[in-house]
Amino acid sequence: MDASAAKLIGAGIAAIGMGLAAIGVGTLFAFFLSGALRNPAAADSQRPNLIFGFAVTEALGIFAFLVALLLLFAV
Amino acid sequence: MDASAAKLIGAGIAAIGMGLAAIGVGTLFAFFLSGALRNPAAADSQRPNLIFGFAVTEALGIFAFLVALLLLFAV
Amino acid sequence: MDASAAKLIGAGIAAIGMGLAAIGVGTLFAFFLSGALRNPAAADSQRPNLIFGFAVTEALGIFAFLVALLLLFAV
Amino acid sequence: MDASAAKLIGAGIAAIGMGLAAIGVGTLFAFFLSGALRNPAAADSQRPNLIFGFAVTEALGIFAFLVALLLLFAV
Amino acid sequence: MDASAAKLIGAGIAAIGMGLAAIGVGTLFAFFLSGALRNPAAADSQRPNLIFGFAVTEALGIFAFLVALLLLFAV
């Protein structure tokens, strides 16, 4: 296998990482919504934690997307 | 393996990432529905969080779909 | 491996993504049914959220199916 | 397969590690948010544990990202 | 495949191990935070157990990182 083929397969594999990160983000919002529906009055107070947690989790998925784009267009 | 073959396999592998993202989106709605059925009166107040969480989770799956389409048609 | 063989393997791999998406859809309906059986009176009020969540989760599986069909017939 | 191709596939595989780390980070914040919404008064007292746990979990994902970047640009 | 290529793919695979270890670390802190928010008065008494559990779990991820670095630079 030469490099021009390998980077295409590598980009496809990197897409698995994006999907896995989506499980993390989905779980994060799932538990927040579950808790917020049990105690709606406190939902606003925890929104900063929600946004911070979402940002750092999504970042890992974006990194995987970045690796895929680097493989497709930059390497 | 040459590049014309590798991009077809890579696109197939990227489809795994879409499926994994669907687990995240499904979990998100699952917990929301579970909570909304326990406390229906609060469901409307949490809909913005639901939509925001859905959008960012689905985005990671769409990114994987984008990688598959790039592999199939753009590279 | 030449391209005519690779697209057949790629289509098979893409089917993994469909199966993973089914986990997401199944979880979604599972939690809805669990909640609806605990509080049947509220089930109708949450049906729009159920249908919306199901549609966007199923869409990711349909995208994987689309990639498989593109690999089989369009590329 | 020669080394210039192998490092591109290796970078793609390393992206799976990032996605898996995102599941860990997402679970961590998910349980914190769930607990904080049940007992908002105690949320601030546990924030140092949250940040410490997040940092060491995210670090493992960053290490995987580092391996991907090393494979892409440094080896 | 020759050895110079195999070690690069091996390093990428080792990064999957880091991500899996991150799931373990994240779950560990997730359950600690969940319990600490339910009973904040006892959280300090369990911190040594938290740190010990974190250290041995993180160590396995660090070992995977070490294997990746050994594959990249030492072998």
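Here the chain labels run A, B, C, D and E in written order, and each chain numbers its own residues starting at 1.
Going forward, contacts are C-beta pairs under 8 Å (C-beta built on N, C-alpha and C of every residue); 3 or more make two chains touch, one makes a residue touch a chain.
Treat the numbers as computed from the prediction; the structure is a model and nothing was measured.
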| item | value |
| --- | --- |
| Contact network partition after chain C is left out of the picture | one piece |
| Of all other chains, the one whose Cα centre sits farthest from chain D | C |
| Whole-Å gap between the CA centroids of chain C and chain E | 31 |
| Distance between chain centroids, defined by C-alpha means - chain A, chain B (Å) | 10 |
| Cα-centroid distance, chain A relative to chain E, in whole angstrom | 19 |
| Separation of mean Cα positions, chain D and chain C [Å, integer] | 26 |
| Junction residues of chain A - those touching two or more other chains | 1-2, 5-6, 9-14, 16-21, 23-28, 30-32, 34-36, 38, 43, 50, 54, 58, 61, 68 |
| Complex contacts: residues of chain A adjacent to chain D | 1-3, 5-7, 9-14, 16-21, 23-28, 30-32, 34-36, 38-39, 42-43, 45-46, 49-50, 52-54, 56-58, 60-61, 63-64, 67-68, 70-71, 75 |
